[in-house]
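Working notes, beginning with the structure itself.
Note that the chains take the letters A, B and C in the order they are written out, and that residue 1 is the start of every chain.
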Amino acid sequence: MGIRIERISKRFSDYLALDEVSLEIAGGEFVALLGPSGSGKTTLLRILAGLEIPESGRVFFSRRDVTATPASKRGIGFVFQHYALFGHMTVAQNIAFGLSVMPRRQRPSTSEIKRRVEHLLALVQLPGLDGRYPSQLSGGQRQRVALARALAREPEILLLDEPFGALDAKVRRELRGALRTIHEELGVTSVFVTHDQEEAFALADRVAVLNAGKIEQFATADAIKAHPATDFVRAFVAH
Amino acid sequence: MVPGARPRSFRLPGFGLTLGITLFWLSFIVLIPLSTVLARSWSGGWEHFLEAAASPRALAAYRLSFGVALLAAAANCVFGLIVAWVLVRYKFPAKRLFSAVIDLPFALPTAVAGIALTALYADTGLIGRPLAKIGIPVAYTPLGVFIALLFIGLPFVVRTLEPVIAELSREQEEAALTLGASRSQTFWRIVLPTLAPALATGFALAFARGAGEYGSVIFIAGNMPFHSEIAPLLIVTRLEEYDYSGAAAIATVMLGVSFAMLLVLNLLQRWRVRRIG
Amino acid sequence: MRAAALKAPLGTRATLMLIALTYVGVMLLLPLGAVLFEALRKGIGLWWAAISEPDARSAIRLTLLVAAISVPLNTVFGVAAAWAISKYNFAGKGLLIALIELPFSVSPVVAGLVFVMLFGANGWFGTWLEDHDIQIVFALPGLVLATVFVTFPYVARQLVPLMTVQGRTEEEAALTLGASGWRTFWRVTLPNIRFGLLYGVLLCNARAMGEFGAVSVVSGHIRGETNTMPLHVEVLYNDYNFVAAFSVASLLALLALVTLALKTALEWRYRAELEARR
């Protein structure tokens, strides 16, 4: 499912976070939103999720205008930087949550839910941890659970907000590989936010470099490195 | 500093003095006096203790004191949650004033609360009159005791909940939304379970306070034995009859409940810590 | 800033606010209003007569006296206990803290009872006291003891977490610079805890002046002699002298309002102090 963002602007009380941003993402693509803090990348992601409401502009999923659709109805999966797992629920209950809140008519049977949870746990390489509580897991494990939870409803779009930001370098690299593999297996359109360019270039098909609420360049990693479009991009990738 | 080369604990001066004062005052004011009650209630032997502590009149008093305290604490959990939620999450004018008012039961002398509530809920009172008209007398009935304990217990629940509500991870609520949960589902399945330990703590505090409450209840309760006599009043009555061991026996039961509550609160603290971890 | 997505719809918010405001208004504000209304019902003349009457005046004096003795005692204790708990490591700290908090969960009537059991005519020390012609219950000492019991934890529980958070680094620094223990306390510790201390003293005082159940048991209700203000209110009320009862009560309500105002002011300033020190 492709995403089209049309001239989105978002203002917070004292500053302009996004300034008429437009972007087009192809179905099944893996896109990174890269930029320093304050560049608006997280705001853009949250607008895609429906967690923030833009002042102007529109968001389309495929050809559907979802600008006014609430977050619970957009059919996206969201992975938070600090996992946001439900501490009072087991791993299995966390992953099954999205399925268990479905209206009765659409809800899969208990056995079907169980099967899906096990399948997802295997996908994120955490078999057998279904009975544990988040407090008993390491950071890397928690993030895998968060990923599994976001994928449980088979969303067409996966959004990740600095998913590895809270983890140490080794775990980060492991999870990077896992994420890439999962993306190839499922083919779900993915957008993830990061300030780490190495990560962005390693994972994404295309990278959007943001600065002060505007997209400076949106291209493949190679294209950006070879032909930086603006001074900012040049300086940013110079490190 | 070289590890392993630490000098033998460098202690700030004053340990002996401060610990000494602390232990002395604690023993003199709290521990020794409390133990006399326990000792006194045994002075007549086990049967005598049981006779005094478990007499029909005493049992009726416990039912009233503990039963109503339980109900009032439960009601305060519901309303206290709403009040705390509104205080933390919503913006409105005079919010600080509203917040200060919540502590009124803490600051107002219990006797003042007692006569004020009686004035309001008596058959001639502002609230009592319309209620009496539709056949619900409040003053001098257990319902009056209930109202008084509602007044007393509210701040316990609200103040215990406020910091926990303030710290609720908004990310968890957002996560629930992105997973398709409705607002109501998010509240019942994510927010409420997270608040549960704090809610239970507030409940226990309100209950403990309500069970032993005297001043705010004594005016509005009917004080009729077996019907509307609270346990603390029974203790006072026994004292006035010079039945010291009888009074002590009932006091021991009340102390037992207090200690049990302390234990419960302690366990709840551990539960809370585990949840957050 | 709470994201737009998390804001409840207007209908829900309005309903919850209505419930909250109504509940607090009816349960808390109406009784307060009732006190003032009933006190001034028959005019300010009767109000003034009630509070300037000799028994009322001695009740006021007695209340102030009891508070003036109890609060400083518990303050010294509270500071000592908080110092011992926060500046040192020793076994049994948790138990000590729990014991200090004990009076909170004890019914005030039981608090009064224990002192009658100890010092009353039939008490443990009863005969000894009689022989030496010392009166504790039905007299000022008994009132003070009962009040000290119920207000025991107020200052300590305010200072213990505060001083624990502050730790002992500043005091240790002062000592290495040559200050004595007392000097360190007065010039380093005390300034750091002054708002917490004030707050604790404020609450301790409010409770001390307003205590009813415990002093009721211990006082003997001797008009003009062992009646504090709350007890005097009860006496007047039981005599069906409602206007007088509410008039004296209105003074106590005023005390409560002043306490609340000071408390709020301290919370506002004190929080800033606490943040700043971090």
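By our rule, contacts are C-beta pairs under 8 Å (C-beta built on N, C-alpha and C of every residue); 3 or more make two chains touch, one makes a residue touch a chain.
What you are looking at is a predicted structure, and each value in this text was computed from that prediction instead of being measured.
Chemist: Decide which interface, B-C or A-B, involves more C-beta pairs in contact, and give its chain pair.
Modeler: Result of the comparison of A-B and B-C: B-C.
Chemist: By C-alpha centroids, what is the most central chain here?
Modeler: B
Chemist: Would you mind pulling out the distance in Å between where the CA atoms of chain A average out and where those of chain C do?
Modeler: From the centre of chain A to the centre of chain C is 54 Å.
Chemist: Approximately how many whole Å separate the CA-defined centres of chain A and chain B?
Modeler: Inter-chain centre distance comes to 47 Å.
Chemist: Could you put a whole-Å number on the gap between the CA centroids of chain B and chain C?
Modeler: 16
Chemist: Spell out, as numbers or ranges, the residues of chain A touching 2 or more other chains.
Modeler: 50-51, 70-71
Chemist: Out of chain B, which residues touch more than one other chain, so two or more?
Modeler: 174, 177
Chemist: Scan chain C for residues touching two or more other chains and write them down.
Modeler: Those would be 3, 5.
Chemist: If you look only at chain B, which of its residues touch chain A in the complex?
Modeler: 169, 171-172, 174-182, 185, 189-190, 193-194, 196, 274-277
Chemist: State the interface residues of chain A toward chain B in the complex, per the touch definition above.
Modeler: Interface residues on chain A, with respect to chain B: 49-51, 70-74, 76-78, 80, 82, 84-88, 97-98, 101-102, 135, 149-150, 152-153.
Chemist: Which residues of chain A touch chain C in the complex?
Modeler: On the chain A side, the touching residues are 12-13, 46, 50-53, 70-71.
Chemist: Would you tell me which residues of chain C are touching chain A in their complex?
Modeler: On the chain C side, the touching residues are 1, 3-5.
Chemist: For the complex, which residues does chain C have touching chain B?
Modeler: By the definition above, chain C touches chain B via 2-3, 5-6, 8-9, 12-13, 16-17, 19-21, 23-24, 26-32, 34-35, 38, 73, 76-77, 80-81, 83-84, 87-88, 90, 96, 98-103, 105-110, 113-118, 120, 122-124, 145, 148-149, 152, 168, 171-172, 175, 180-181, 184-185, 203, 206, 209-213, 216-217, 229-231, 233-234, 237, 242, 245-246, 249, 252-253, 255-257, 259-261, 263-264.
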